[in-house]
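What follows is a pair of complexes built around subunit A, which joins subunit B in one and subunit C in the other.
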Partner chain A sequence: MRRASSKVGEKLAPYVLLAPFLFTLIVFFGYAFVRVVYFSFTTYDLFSKPEWVGLKNYVNIFRDLDFTRAMKNSLTFMVVVTTAQTIIALLLALLLNQKVRGIRFFRAAYYMPSVASSVVVTLIFIWFFQRRGVLNFVITKFKEYQAIILLFLFAAAAIHIVLVVWEKLRRRPVSVFEPSFMFLGVLIGFIVAFGAVRFGFLVPREVPPVDIIWFNTTKTWPDFLGSLAFPIPLGAIMLFNIWTTAPTFMLLYLAGLQDIPRELYEAAAVDGAEGWHIILHIIAPQLKPITFLVVTMGLIGTLQMFDQVAILGSQAPRSSVITLAYYIYSNLFPSSAVPRVGMASAAAMFLALLTFIIVYAQRKVLGEEGENA
Partner chain B sequence: MHNLRARRWANVAAVYAFLLLLSIVFMGPFVFAFLSSLKDNPTEWPPSLLINQLRPVNWGASYRLAKQGGGNGFLGGMGPGGSIEFEVTYWTPEGQEPAPPEVVIPRRVQGAPPRRWP
Partner chain C sequence: MKRLSIALVVVLLVACAASAQHIRIGGFGGNDTVIVEEMIELFVRPALEGTGITVQYEPISDDFQRYIVNALSAGTAPDLFYMDIFWAGSLIRSGVVEPLDEYFAKSEVLKPEYFIPSLVEAFTYEGKIYGVPKDFNTLAVFYNKDLFDYAGVEYPSNDDTWDTFYAKLEKVAAIDPNIYGLALQPEFARFGALAYAAGFTPFNADGKTDLFDPAFVEAFKWYTGMAETGVGVMPQDISQGWGGGALASEQVAVALEGAWMVGAIKGDAPNMQYGTALMPKHPQTGQRGNLIFTVAWGMNAASPNKEAAFKVMEILTSEEVQQWVLERGLAIPSRQALADNPYFQQDHAEAQANYTVFLGASDGNVLPFHFGEYGGEWMDPINQALSAVMSKQATVEEALREAQAQLDALMGR
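Showing the complex of A and B:
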């Protein structure tokens, strides 16, 4: 008898332990999801009874100009930000995987944008992107010193190329991106540029302050892309979104890099591989599961982008920055109109389906290794 | 051997230079925002890294003024009968004789509320 009751207890125990989480999942996700599916087929304004309208909301969202803009903005945002943040995160992780003194400080410093609250970061960037803000000031200074900067870059590149070619001619093994030659090139380039200014060969140009309107504009960029060009305010949001998310993914890549067995590098070195060969044939395949995770999280995160657009508020025209998540929110809680819960629910269902399809397609593209992630 | 060692040091220097350069990208906005939060006008144009509140010269000057005005360099204030230095720099159009500025400090009567200046 006692054995039977202990068996029942043993079987029940996992469900009891899971109960709080199952409760949260069923009430706040399962029930909410079913309600959203139901509301997406009704007209409902939070005050009167919902009325069944069938697929009308799904047809109407595609007739709404705001929805098509939101979809275009969201897809552009997804493609640009996910690509940029994945590449930047990998490059940062490769840089921070060095065994040099003080590397922990740099890892912490680079991770700062991800730790900071997105409200704080957005406010700092709103301030940076003002017409008389830091970014326009930096661009003004760049224009002022353009000739000097170009001379510096040209001299640095020339010295670097000469040194690499010289070493190659002497049949010495040297990488095209040899850091010591880069350092020497930068040092000599700086001396050349400084000398040119000091002896009056080059002087900073007088230019009027750059007056780029980053937020309060409906202009798009780059012009040659035609209808694929994105609104400038959305570009500004992309810039600071990449700046805040790349360090998070950098951390994942860094963990992945430190997991690669040392023997693989040693074997590659014995075979004469170096530089790009190691990155392409050792690091990239070993990091494939991490890349799958990073790209998946990036796609989901960018499709759900909401907070930065919401904080930006009236600083930018709605049509230039609206995303699908913000479209859903603004239909559910419009500032001075009756809530359109049915439309918002239909858009939410569409966003969920779109996210699912994109992540599934990405899983197919990245292949079997990715599926193990 | 010497060449190899020199190249190794140059490599380390290049890595550190690159790390520092990227630190500016990731930490710069926070540092600049913090420094600007100390300014009277955080949105000044052109933006500057020189913060008047952080310059030791200004700390010394403010200590001296506080000492002259209230007798206490740290707490400041204006005590009766104090004599303080007054320095001002101003521009006048070319050819116009600069008129010496005049400063009037209203006399406080004991018990009267402090005058509110527009």
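Showing the complex of A and C:
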């Protein structure tokens, strides 16, 4: 008897322990979800009684030009940002996994953009991309000093190549990226460039200030993609989003890298593997579960991107930055008009379904391969 | 035990009594918190002494419109709340705001006739009045005296037409390439006043918007043309967020702003010598145009204490409260009787600015700042067109065609 009851207790225990979480999940997500499903089939303005209209909302959102724009923007955003942030996160992690003095400082520094509040970062970003902002200033300066910078790079590269070739010809074992040659190249390149300016062979060019309008434009880029090109303001948001989210994923990759057993590297070294071989055959397969996590989180996060569009507000044309999440919000709280809860709910249902399908497809491609390996 | 239960009963009774007569007031956060709290302390509480009515201000520092929509829908909204003309219509149409006509009929001190008619009109829907305007704002010409003196140009005056106004701006802008005449905020909230002066109305007889109305095109060309010639500049292009910021930076001689500019100058450019004039007249129509920005007190239709709430509203909109608000330089009163107020005749920039803004409401083609059921979505295409032309991304023709297409899509929805 006693045994039976303890068995029951054992079976119940996990549910009891899960109860607080389940409670919030059911109340704030489960209930809300059921309501949204219901509202998506009604017209409702928060005040009068919801009226059943069947699938009309779903038909209407696809007729709404804003919705198709939002969908296109969201999908472009998802593809570009997820790809870029995953690659950059991996590269950063590889870089920060080195044993270098003061590496902890760099790890913290690279993580800063992710720690700062999204609102604060977006405000900085708005200044950064202003018409007389930092970015346009830097581009202007670059254009002014273009010739000098090119001369410096060219001189540095030339010296380096000459030295490497010289050593190779003498059959000395020298790496293509020999650091001491690089240092010498940079030093001499600097002296050459400095001399050229000092003695007046080269002067900074006079160029009109660069006037790229990053936000307030309906232009798209790049032109050759035709209707697939993304609006420039969305591109600006992409750049910024990559910058702020890559470090978080870098942290995950860094943890993954430090979990790879040393023996694997040693065995590879014995087999004569180096550089790309190690990355391709040791690191990449070992990091597969993390890549899966990073890509999944990236996909979900990018599909739900909202805050940066909201803070940008009227600085950029709505059609150029609207995303699905923002579309939902702007239907729920249209500026000084009656809320369109039905439309917003239908769009929210669509976004949920889309997210589910994309993540599922991604699991099929990435996840199961990983399990087989 | 017994003592405890008695204490409990007493607490409950007190709570009941209080809640029966407790009036909650919802409004903006920030500056308004201090003003309304002080107003309640100085006027409302003394007047309500002995009636058992208690009052509490609940400032909302977040997006107020979103808050009030949610709160009214959820049944947690305050008894009295701010209603901005920009979005009041959507609440009124939803039936959550109490019509006030019956209360006016019974009241001895609060009658709609006491208020400026165009303000009351703005909150009237299907013949019923839904809000008592608490204050208002219009646009005026705010100018930097020093820049005009330096250029040796006469100050803008109430007699200026667009042509004479432009000539003055042009001379000021000629001082230096980095000095501009007018701050050209790319928004209908400023430019609209000029379009109205030329004779434009947001909705024509069929309820549609026609941006190719000659009046609109003329105003549009005049406004955006100043960016082209360098007589004016978009605030964004000199790293300022709005026209007022551009004026306070002293790189721009004139901004078209409301009485809120007085506080902004006090904060950002306290040493700037400034003056105000009425909006310039359109040279052909001879009319000025203006927008009325106003906030009213609205009453929650679901409030359990409507009579008490109206009593509080009577005090909040009384003459003595409005006089106090005016003298503190906080807002322009909505009561007609205060037009001849001695405050307005004082010889300092602040009082004159307030008086100019006050006069703006009743001179020429003046329309309240709201766009029917379309709200802010109506302005977006026009704002984009203004900005596109002034940043040289589109010609007037292209920009207006694009904006018209967007408006047609909005109205066809």
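To be clear about the criterion, the second predicted complex is superposed on the first by the 321 of 373 C-alpha atoms of A that agree within 3 Å, B and C clash if a C-alpha of one lies under 4 Å from a C-alpha of the other, contacts with A are read in each partner's own complex, and residues count from 1 in each chain.
Simple rule for what comes next: contacts are C-beta pairs under 8 Å (C-beta built on N, C-alpha and C of every residue); 3 or more make two chains touch, one makes a residue touch a chain.
The shown structure was predicted, so the numbers you read here are calculated from the model rather than taken from an experiment.
Novice: Where does A:Val186 make contact in the superposed view: on subunit B (first), on subunit C (second), on both, or on neither?
Specialist: first
Novice: Please tell me which partner, subunit B or subunit C, touches more residues of subunit A.
Specialist: B
Novice: Considering only the touch criterion stated at the top, classify A:Ala109 as touching first (subunit B), second (subunit C), both, or neither.
Specialist: Only subunit B is touched by A:Ala109; subunit C is not.
Novice: Should A:Gln98 be classified as contacting the first partner (subunit B), the second (subunit C), both, or neither?
Specialist: First partner only, subunit B.
Novice: Thinking of the overlay built on chain A, is A:Leu202 touched by subunit B (first), by subunit C (second), by both, or by neither?
Specialist: neither
Novice: Name the contact category of A:Ile124: first (subunit B only), second (subunit C only), both, or neither.
Specialist: Only subunit B; A:Ile124 stays clear of subunit C.
Novice: Check the residue A:Arg132 against both partner chains and state whether it touches subunit B (first), subunit C (second), both, or neither.
Specialist: After superposing on A, A:Arg132 lies in contact with both subunit B and subunit C.
Novice: State whether A:Val36 touches subunit B only (first), subunit C only (second), both chains, or neither.
Specialist: After superposing on A, A:Val36 lies clear of both subunit B and subunit C.
Novice: After overlaying the two complexes on chain A, where does the subunit B footprint on subunit A coincide with the subunit C footprint?
Specialist: 130, 132-133
Novice: Under the stated contact criterion, what part of subunit B meets subunit A in this complex?
Specialist: Touching subunit A: residues 6-19, 22-23, 25-27, 29-30, 32-33, 42-43, 45-47 of subunit B.
Novice: What does subunit A use to touch subunit B in their complex?
Specialist: Spelled out, the residues of subunit A in touch with subunit B are 92, 95-96, 98, 100, 103, 106, 109-110, 112-113, 116, 124-125, 127-128, 130, 132-134, 137, 178-184, 186, 209, 243, 247.
Novice: Tell me, which parts of subunit C touch subunit A in their complex?
Specialist: Touch residues, subunit C against subunit A: 63, 65-66, 69-70, 72-73, 86-87, 89-90, 93-96, 236-239, 370-371, 373-377, 380, 383-384, 387-388, 391, 393, 402, 409, 413.
Novice: Taking the touch rule as given, give the residues of subunit A at its contact with subunit C in the complex, in rising order.
Specialist: It is residues 45-48, 64-65, 130-133, 213, 216-219, 314, 317-318, 333-339 of subunit A that touch subunit C.
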